[in-house]
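Next come two complexes, and both contain subunit A; in the first it sits with subunit B, in the second with subunit C.
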Partner chain A sequence: MTSEGISGRDDRIVQRVQAAERAALKWFRIKVALVWIGLVATLVLVLYLADEIDLEWTATWGPLILDGARTTILLTVISIVLAVMLAVLGALGRLSSNPVAYGVASLYVSLVRGTPLLVQISFLYLALPQLGVVIPAFESGVIALSFNYGAYLTEIFRAGIQAVPAGQREAAQALGMHERHVMRRIVLPQAVRIVIPAIGNDFIAMIKDSALVSTIAVQELLWRAERAGRQSLNSLQALLVAALVYWVLTIIFSFFQERLERRMARGDR
Partner chain B sequence: MSQRGRLAFLFSTLLVAGACSGQGATTPPTGPASIPPAASDGVPSGSDAAPSNGAASPGADGDDLLAAIQEAGVIRISTDPNYAPQSVIRPDGTYEGFDIDVANEIGERLGVEVQFETPDFDLVQGGGWNGRWDVSVGSVTITEDRKSVLGFTQPYYYTPAQMAATEASGFTTLEELAGATICVGEATTYLDWLEGTLTLGDGSVPVDPPEGAVGTTLPTDANCAEAIAAGRTEFQGFLSSSTTVQQAIDSDVPLVTVGDPVFFEPLAVAVDLSGPSHEALLAELDRIIGEMHADGTLTGFSEEWYDGLDLTKATE
Partner chain C sequence: MELGQVVVRATGIEKYFGDHHVLRGIDLEVRAHETVMLVGRSGSGKTTMLRCLNFLEEPTVGVVEIDGVRVEADPLHARSRRHQEQIRQIRLRAGMLFQDFNLFPHMTVLQNCIEAPTRVKRVPKREAVATAERFLEKVGLIEKRDEHPSRLSGGQKQRAAIARALCMEPKVLMFDEPTSALDPELVGEVLKTMEELAHEGSTMIVVTHEMSFAREAADRVIYLDEGRIVEEGPPEQVLDAPREELTQQFLRRFLRDTGA
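Coming up: the complex of A and B.
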């Protein structure tokens, strides 16, 4: 009886403490939201007072710039898919005991991570033709982005594969599974779950890096914003629109990425 | 081609490029790739649509460029939509301007469709187009240097090169710009003139640049006007074609024209000398330009875009 009474009281205390914590967190979030609204409103007000918000301009040119976001997203989606494929191969190479596979993979990672993405883009578009390889602009951008991100993701995949507990592999081997099957059916699926949040992060980063492809005349978001702004001598408006579109894109994809991350973490408890 | 097909193509390209074994693979082996949605509105826009015409670009088999264009029914013309009033982008993603009208008229007289590619001007004027587009109708000045990399038709119009000074500098004569910094577009004849290396293709000799004036480049001429309009003050002068300068002044960029034009540029349609066999195409283009001079088409375009000025006659 006594013990029941005490534990009942403890439960109530725990519940009240938890409720208080939840309320505090809620208030904190509301305040943060108010700070955001305040800051954004100030920014808009400053631009409005400086007479630099031109809705007519935005109505005229907005659709053209926004249409470039489709190219940006298409470019990024294709590139991230290819980058993941490259990364799986790269990670297997980095973990291989075969010196050729290891050498190829480690050179790839070192070379690509050791050179700027802008140099890689220009190289594919301007330099490769001297060797007789002419790749169209859009494809050049896709190849540069996927090679670049593939190298960074290679290291992430390698870490993901290594993070799968050794017991999993040993158990599979004890069951008599072939080495290749162990990798494909036991290790990789678990590694993928570990690295998916990182892929999401890189996807969001790539949306922004894809702006570099505007330098080789791919008519994506930034290319269109620059041209539209230049001819109407209103770069402020044009780049504001472009920045806003990038920002909204990253917010949208971050939202999905966070949900995915939470879902992937669920099994770890 | 389906999205999956495109992915497969890209991946194979990736592997080929990765293995450094691609030689002379100038066109996608699997036929036309799908055009990205941004260019799918029936608007011939952008180099990202280039692969759709892959079959038209002649390979190393010595095909004649004119024949290839006629067979494909499409001519790929480069334009840099940074040069009002010659070429600018419209809100619907198409282009307009004097050069655009000339390009479309050329396409019409060749009996083919025009597809615009939009590389920056500095990529066009140096040749080495690698078959990414067939012809430039982009107000390229005929110079002795460029003749070694580009083949030119007769000029389709002539523009005076006009010096302007920023209102902030207070300069009103060319001499005052001695030692000043002058903003010019990348790889333009204006930069060559300031550096004393300009030899015009028609043999005319320009006046000397102001003593000690230094050219500083931005990617295109329009960047200069844009920078001055935005309030940047690192240059006192701006040198470009009188049409571009006038356009900037009309758009309230704080500039004043300074002195008489410093030289007159003959501007022509160009083909890439390093590209596929182009003699027949160049001859045909030259004939069309001559015809457009004779029947007054060019004069009409000029008066339309340059406030009633006829810039199609050689100026003394």
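Coming up: the complex of A and C.
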């Protein structure tokens, strides 16, 4: 314990230490920003010196490629929503004591996680017609992406459901609630809060994985960039634009995702 | 308060966890308006006994009857629909309070209180809200009705949990060490609420380590050791002049450890 006079001086020291820490953090961030700017500027300069930056080209073909971003986002949004629904069912199956439900869910997860997404996409679009099942390209893409991500999210949801304290279920049961009611009203809402950050992560990952459906001629970002590149004989320019658009999209959604995550962490738990 | 009919009757309760014999033939009767406290060392089986009464633990053998609903332990068919429905009928009649409260964190205090009445008992919402407000008033939390549990202190959480249990209008309230997770300065408000309930004639079964509370509020104290009832009787007998050697040892050790 310090006397009052000394603790008065301590206060000033504490404030100065805090100010120094804040300043150090600020300088660190500024320096990181400078490093980013420096690296990107170097890249642009190299391309410029190699005469590979062609603004006229971008003005002509850019809008066509950018239009693909709409398809990419639409594809991703629909697929992530379906994936989450599949994941809830999958997780309930994986936690079920019913052998049929457990068997179906575990086979689904094993099969989908054990095969490449690219194979799944091709199978739906190229192999199924041989069995008389013809699914248009966009729909094939949606099905493949949602089943694939649904399998990974199944495991995340399962972990989320198991992370809800056992006491929650017991309290609900002790009030006389039916199993189904306990799951739907008490356990799942809490599990969803736990897994929302993971869903956000997967959404961002899916924006990039959706490029794989360009292989079955869904006219999304990458497909259009490749097309434009071939037609104009300038694939470097075209892929550069596509990469930039993916990058910007992920930055935008990461920003929202981080905010959501922070809100969830703060939330009423 | 005059004791009434038998509300809870448990007969021949045995419980194994694997090879571990936790309860060794327990018989228990609790009458209306009676407050019974279960005491004993940790590991004596008192919490398991309480959880067997509403089948949060399925007894290995035995019968539980609460307010006329009789359920026989059936560990081999514990998941059968008929058995689960019988258990649910028992649970509707027995309110349970937990050591760590187990309020639903994603609901407000009021929503916690009306969830089961409206969706399990199908009480109209307006009526359920009125009942909930009455009980929240009673436990002194009416001004917290729209708060989430995370905004409440431990003592407030436990009182909210009591209000939630009361909203189901149970025939018996079962408390599993309701103050063990609380900071010492918050224990009093919960015990006070429980004492009021006891005085108003609620039927209660309480697992507790609070000996002075047992002395004041219990009609009957049951001392358990290694899954058996060693001694039972009014608190002044069991806690102040125990006949059994085991009870005497327990109380000596307890007084030494707590300095109470």
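Keep this in mind: the second predicted complex is superposed on the first by the 251 of 269 C-alpha atoms of A that agree within 3 Å, B and C clash if a C-alpha of one lies under 4 Å from a C-alpha of the other, contacts with A are read in each partner's own complex, and residues count from 1 in each chain.
Please note the rule applied: a residue touches a chain if its C-beta (ideal position, glycine included) is under 8 Å from a C-beta of that chain, and two chains touch if they have at least 3 such contacts.
Note that the coordinates shown come from a computational prediction; the quantities given were computed from them, not determined experimentally.
Trainee: Answer with first, second, both or neither: which of subunit B and subunit C does A:93 touch in the superposed model?
Mentor: neither
Trainee: Applying the touch criterion given at the start, work out whether A:185 contacts subunit B, subunit C, both or neither, answering first, second, both or neither.
Mentor: Second partner only, subunit C.
Trainee: Would you sort A:200 into first (subunit B), second (subunit C), both or neither based on which partner it touches?
Mentor: In the superposition, A:200 touches no partner, neither subunit B nor subunit C.
Trainee: Please indicate which partner A:167 is in contact with in the superposed arrangement: first for subunit B, second for subunit C, both, or neither.
Mentor: So A:167 only meets subunit C here.
Trainee: State whether subunit B or subunit C is in contact with more residues of subunit A in the superposed arrangement.
Mentor: With both complexes superposed on chain A, more residues of subunit A are touched by B.
Trainee: For A:175, decide between first (touching subunit B), second (touching subunit C), both and neither.
Mentor: second
Trainee: In the overlaid three-chain picture, which partner chain does A:228 touch, first (subunit B) or second (subunit C), both, or neither?
Mentor: A:228 contacts subunit B only, not subunit C.
Trainee: For subunit A, which residues are in contact with subunit B within the complex?
Mentor: Within the complex, subunit A touches subunit B at residues 60-61, 63-64, 67-68, 70-71, 74, 78, 81-82, 85-86, 124, 126, 128-129, 131-139, 142-143, 146-147, 216-220, 224, 227-231, 233, 235-236.
Trainee: Of all residues in subunit B, which touch subunit A in the complex?
Mentor: Result: residues 6-7, 10-11, 13-14, 17-18, 22-26, 33, 36-39, 45-48, 50-51, 54, 81-82, 84, 88-89, 91-93, 117-120, 123, 128, 130-132, 220, 222-223, 225-226, 229-230, 251-253 of subunit B touch subunit A.
Trainee: Please name which positions on subunit A make contact with subunit C in the complex.
Mentor: 97, 165, 167-168, 170-179, 181, 185-186, 189-190, 193, 268-269
Trainee: Could you list, by residue number, the parts of subunit C that touch subunit A in their complex?
Mentor: Spelled out, the residues of subunit C in touch with subunit A are 54, 56, 79, 84, 88-89, 91-92, 94-96, 98, 100, 102-106, 115-116, 119-121, 148-151, 161, 164-165, 168.
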